[in-house]
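Submitted below is the structure of interest, expressed as structure tokens.
Should a chain be cited, it is by its letter among A, B, C, D, E and F, assigned in written order, with residues numbered from 1 in that chain.
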Amino acid sequence: MQSYILTEMTWPEVKDALSTVKMAIVPVGAHEQHGPHMNESCDAVLATEMAKRLAARLHPQVLVTPTVNMGVSPHHLNFPGTISLRPETLLAILRDMVVSLQRHGIDKILFLNSHGGNQATLGLACATFSQELGVDCYYAKTTASAKQAMKEHISSSLYGHSCEREVSEAYYLAPHLVRPERLEKGDIVEGGRWEGMRPGKPLQGFYRYEEMTRNGCIGDATRASHAIGMAIVEEALDELSQAVRTVLAESVQDRVTHGEGEFAV
Amino acid sequence: MQSYILTEMTWPEVKDALSTVKMAIVPVGAHEQHGPHMNESCDAVLATEMAKRLAARLHPQVLVTPTVNMGVSPHHLNFPGTISLRPETLLAILRDMVVSLQRHGIDKILFLNSHGGNQATLGLACATFSQELGVDCYYAKTTASAKQAMKEHISSSLYGHSCEREVSEAYYLAPHLVRPERLEKGDIVEGGRWEGMRPGKPLQGFYRYEEMTRNGCIGDATRASHAIGMAIVEEALDELSQAVRTVLAESVQDRVTHGEGEFAV
Amino acid sequence: MQSYILTEMTWPEVKDALSTVKMAIVPVGAHEQHGPHMNESCDAVLATEMAKRLAARLHPQVLVTPTVNMGVSPHHLNFPGTISLRPETLLAILRDMVVSLQRHGIDKILFLNSHGGNQATLGLACATFSQELGVDCYYAKTTASAKQAMKEHISSSLYGHSCEREVSEAYYLAPHLVRPERLEKGDIVEGGRWEGMRPGKPLQGFYRYEEMTRNGCIGDATRASHAIGMAIVEEALDELSQAVRTVLAESVQDRVTHGEGEFAV
Amino acid sequence: MQSYILTEMTWPEVKDALSTVKMAIVPVGAHEQHGPHMNESCDAVLATEMAKRLAARLHPQVLVTPTVNMGVSPHHLNFPGTISLRPETLLAILRDMVVSLQRHGIDKILFLNSHGGNQATLGLACATFSQELGVDCYYAKTTASAKQAMKEHISSSLYGHSCEREVSEAYYLAPHLVRPERLEKGDIVEGGRWEGMRPGKPLQGFYRYEEMTRNGCIGDATRASHAIGMAIVEEALDELSQAVRTVLAESVQDRVTHGEGEFAV
Amino acid sequence: MQSYILTEMTWPEVKDALSTVKMAIVPVGAHEQHGPHMNESCDAVLATEMAKRLAARLHPQVLVTPTVNMGVSPHHLNFPGTISLRPETLLAILRDMVVSLQRHGIDKILFLNSHGGNQATLGLACATFSQELGVDCYYAKTTASAKQAMKEHISSSLYGHSCEREVSEAYYLAPHLVRPERLEKGDIVEGGRWEGMRPGKPLQGFYRYEEMTRNGCIGDATRASHAIGMAIVEEALDELSQAVRTVLAESVQDRVTHGEGEFAV
Amino acid sequence: MQSYILTEMTWPEVKDALSTVKMAIVPVGAHEQHGPHMNESCDAVLATEMAKRLAARLHPQVLVTPTVNMGVSPHHLNFPGTISLRPETLLAILRDMVVSLQRHGIDKILFLNSHGGNQATLGLACATFSQELGVDCYYAKTTASAKQAMKEHISSSLYGHSCEREVSEAYYLAPHLVRPERLEKGDIVEGGRWEGMRPGKPLQGFYRYEEMTRNGCIGDATRASHAIGMAIVEEALDELSQAVRTVLAESVQDRVTHGEGEFAV
């Protein structure tokens, strides 16, 4: 299963690869607490593994860049070990990466992200870079598109962090991330302020993770399995690779022109 | 129907109001094309009107600040008249408003937003200000919580901009925004790149609005009515006022401390 | 009295208007205390009204953008309700507006400002944008050019904030801003530090408004009248419209070139 | 004529001086063309000389810092040799100086400025630092307060740059700046765009100096004399020293508090 | 050989570790071409490996954070695959990491850096953070302190990038980085501009790496060996661990106070 | 000994000079304590004097700009009178100067620096400006290249600030900087934390100067002499002028292109 992984290549190898590569996949993770049963590097590792697998499917049209191994995690900072970047720092990293990649002739970028806390920043990054740098930027949550598998295998009403989904993905992609002997259900703080700010509620806002869960998990990690992980990951890779193939077939959007007053319609 | 509207008050009146006010509602809109049948100020006006009505329901515990009357609208810039702020500009405005409001003793803020393009920035704003300024910040889409009315009255699969929902809201809240004689369905560009990036698709990214619709609308504005607008708006106000009441009953989160290493759990 | 008011137009209307429009008028106001007898939105409203009237006189060569409805007001922050932007925030807003307007083919901009605290920032904005963006930027105090009327009707030695001048303008342009039953003279703090920093004094500097006036006013608002307002406003509109006509007849200054070393003289 | 000039002192001498010093005078100049008859360092040198003389009058209560020897001069950049700082650069320099001076116990600052192009930036600097840093900041044009001498000795309607005023000041303060054999009247471009933007006109804005004067001067330098310079400088020093003495007698304004909502009146 | 590696720990494990940990080691690398015989991740991997070994020697007083896996490499950007951060981006990352570490009670930081292009930025980072954040920050080149081994084993006059030193380190620390069958000497461009800017020359400045070497290497990688790597690495670890032990025994410098004017001597 | 000194020229003189000038020399100094026997302006004055002498040797190919008379000196801030710029402020000043110089057709710049604390910032400045502005930027310590003279005349193991080297340079270049009657050896704090961070030690980091020396000096100023100063200065000028001549003969590096993917080798 061959793929172009930039960290493992020499420059002459990259030079050769660039003759077919049209898109760079940038794994974007985080360094944050994942409860008592997962390593804090969980998101960075899962994003990297997903990127490699996606690159294998799309070979030789894509390459994988170094991983952004820390992310926007302020809500986890009260758990020991979490390291959080400000959104503007993440934007700066991504901008520099895109500018560097453009220097090598790559003008399509996919930020493949495993951490929910990065999503808003990635949305702004794509809008900004697409306009200012003349590239086509996309972003995706690593396994969010595995809707069928999720529906089939996930029954917790509240899940998404060190839960049966994430631990299952790790079992399949990077089992060293998991402490099987420590698996716990989320120790949820019932009736907290956070309940009013979950997705779909009228208000959104910021809350600290310990307001919601005492052990840093939600969902039920004890239900995780390699089989569930495989189902989720492979469906997501199917969906993502198909979506990327469509994008690879298109030409890059014209850079937005400034100051000319032309009307595009 | 009394309420505290900061733009219409003198300072002694504000001084009196502050004895009961616990939260400021900041209307956040945009200035952007809304097709051939709505004024470009649509979002700014709707946010303002919703804020006033919400304030009336929550009187005397909230006040309404001046409206942020431009927003993050780069995808509309190729339509004549659109004015767009960069996300960092919007963040700067909101920060200055929050700092000013703190000076007057207000430490709960609700950004009441009518424009989807602002949402990512508002999410970052709430996270940042909650941590750095010691306030509790929330944000909400003006009518997103009217799920029942939406389900009942909206049948377009693609809607959300100058469509039956938005025009109906305007009929109810600010009919001068609408040109009833010009109502058109969205003139959709079928098969475009945008289809792969709609909510729920595997990839997200930036596209310009004219890639999706030739006349700047989506959905079917010709189905709009005052009755639909009333149903949506009143349900949203019910939902929002209830959610805010919960929040008003809580004490502001302790400011996140720096450099002490204490573990909160 | 027709005029192009961007907030009240659809994009096809703007498209048509752009065939004759050469300049955008940006109303710049503030949200700050105006004593016990004026609403805090005073400056934002007066700037908007002046812009509309000026646009009517210059129709169809100008259009009016959304109003910058908050400004640089740190000296008023100790009065309840004032909201102040940092100068860099105001600069960011104006820059984004100018860049957006350029996209629509407009390269002459007039910042029509009603608030003294914005003047220094507007001066920097004009210098910066004229050089960096290739536009011609101008700024003006809304009624400062009504010298004859001022001389005739204003007798206070200290005036300029919620005084006979400003209240008169409001009587004429937007009477809902005034509480006629609350009109007060400025309650001046005699012998304060501020006296050494008034215009024309050897030193300039920053002082808080309450150091100068206990009720937030200076001058004598009780002398205000609709007639004085009309005299001031109409003279100012005469002066401004004549000055703008001259400017409209000129071609935009060549963008300042970088790095060529040519000597222009 | 003794005075504390920081550039000419050792640290033990500064330490001793700080027992009486209450204010720092920061000379602020520019590096820009001054026509065919003055050195480009004119403003930096004149500001320095004025600061030294003012310090002598106020000894031992003030000290003079190093000179800010470049300023905001974009309008002169098309004349060979001009070097211009952006306003934000000048703000950064002044902020760092103020923070350093605070470290030495000095909390009153006077920016003594000889260049009109710096005035708007200095106004913002004083407002910002006074609020954020807990210092009292003032600024003054070096000789603007010499109103009597100006009235008596200056007859040009347009003057202020390498004119009879400035050359006279240089004759008195730093004659090496002048090329007496090259003195020229301003070679004015009549009927230019600049005429509509001079102080007192309805519009303000940015124009390049060569739009106004072909040789870089305005006024009539051939009328300059040592006697006029003495009259201007000594009157200004009288005015400035008296104004500063008042300020030295006051206690520093309380730092503006954030987030407490107290009302100061 | 036990050590605290943050990426491989859960939060309860970190919590326990923090009872003894006094310092965080931040591996700082780069992603840049390393000639035809090394992977582009070379610096990131070597910094990580050195950090782990140093942490083992200093256990349980230190922990290793996630690696900064890209660095300041503009001089390598014309070689395919290089990704470079601007210095301000690297500063932002490091600042966020330090602030996060402080939250966990760690106030001594060592940036362990394998890439020369990062050194200036790290120097500024240490000075800035030490003053502003109240931490003690240090930085070190990974193996620069192995002076004895360098002297003994390195004979090239020009070395330091993908040379016998670096390849030897990789043989010892991470042999997968090397393509033994591709080892080449640096293909030096004799007589280039770069020769005048090497360390020790009168002028310093910026040159692109391809101005100096056609294959991206300097020195003679064909002389590299596992034994040389071991000698260099172990000597460096001896030196570094001893130096860090001294630092661990000291109390953190008092935060520099602002605005008090106290004289420390 | 003729040379082009921008501060002492009129614009027509600069215009003439620009026909031969290829490079600008920017003197970069500092304002900081130099022990009990040197003025705090020492670095600014020495850099200026060195620049003038170097310009004389390279006449008419170079000109000297105004001096950057404050620098990055946080480690000296606890000594009375020191004024320190943040690194980003120094970068901003230098950038504005380079952009202005480019306007006059100068695209080679030498930052001639007398203060060690500026070196890291100057390195970043050269790298950044060379890439972004299309100029060739160099930097040099004023006398660091006088290796022979240093070896011959300097015997202190620790020297470099207000020591026999610096005082000797001042005796030769600007004797008014020295208080001969106050000359002292450095009053070194033996066994301090600083010893572990001197150049060549395994760790680098930030320490305050008073941690190292009680009187602000290191080395032995009592050994200084005019003869040593002359030897050092003249050797440095020989070395610098030769190195600059080489650089003047080269054409400016092509601006780094973005987004084209071409491989330069």
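Observations, loosely collected:
Here is the rule we go by: a residue touches a chain if its C-beta (ideal position, glycine included) is under 8 Å from a C-beta of that chain, and two chains touch if they have at least 3 such contacts.
Please read all numbers here as calculations on a predicted model, not as lab measurements.
Relative orientation of chain B and chain F, expressed as the C-alpha superposition rotation angle, is 180° to the nearest 5. Where the sister copies chain D and chain F meet, the same residue numbers recur on both sides for over half of the interface positions. Ranked by how far their CA centres sit from the centre of chain E, the chains are topped by C.
As a whole-number value, the distance joining the C-alpha centres of chain C and chain D reads 27 Å.
Residue numbers of chain D whose C-beta contacts span two or more other chains: 15, 18, 77-80, 86, 88, 103-104, 216, 263.
Those residues of chain F that touch chain E in the shared complex are 72, 74-75, 77-80, 86-88, 110, 119-124, 126-128, 130-131, 136-140, 144-145, 193, 196-197, 201-208, 210, 214-216, 236, 239-240, 242-244, 246-247, 250, 253, 256, 263-265. Interface residues of chain E, counted against chain A in their complex, comprise 6-12, 14-15, 18, 31, 33-41, 44, 65-67, 69-70, 77-86, 88-89, 92-93, 95-97, 100-101, 103-104, 179, 182, 216.
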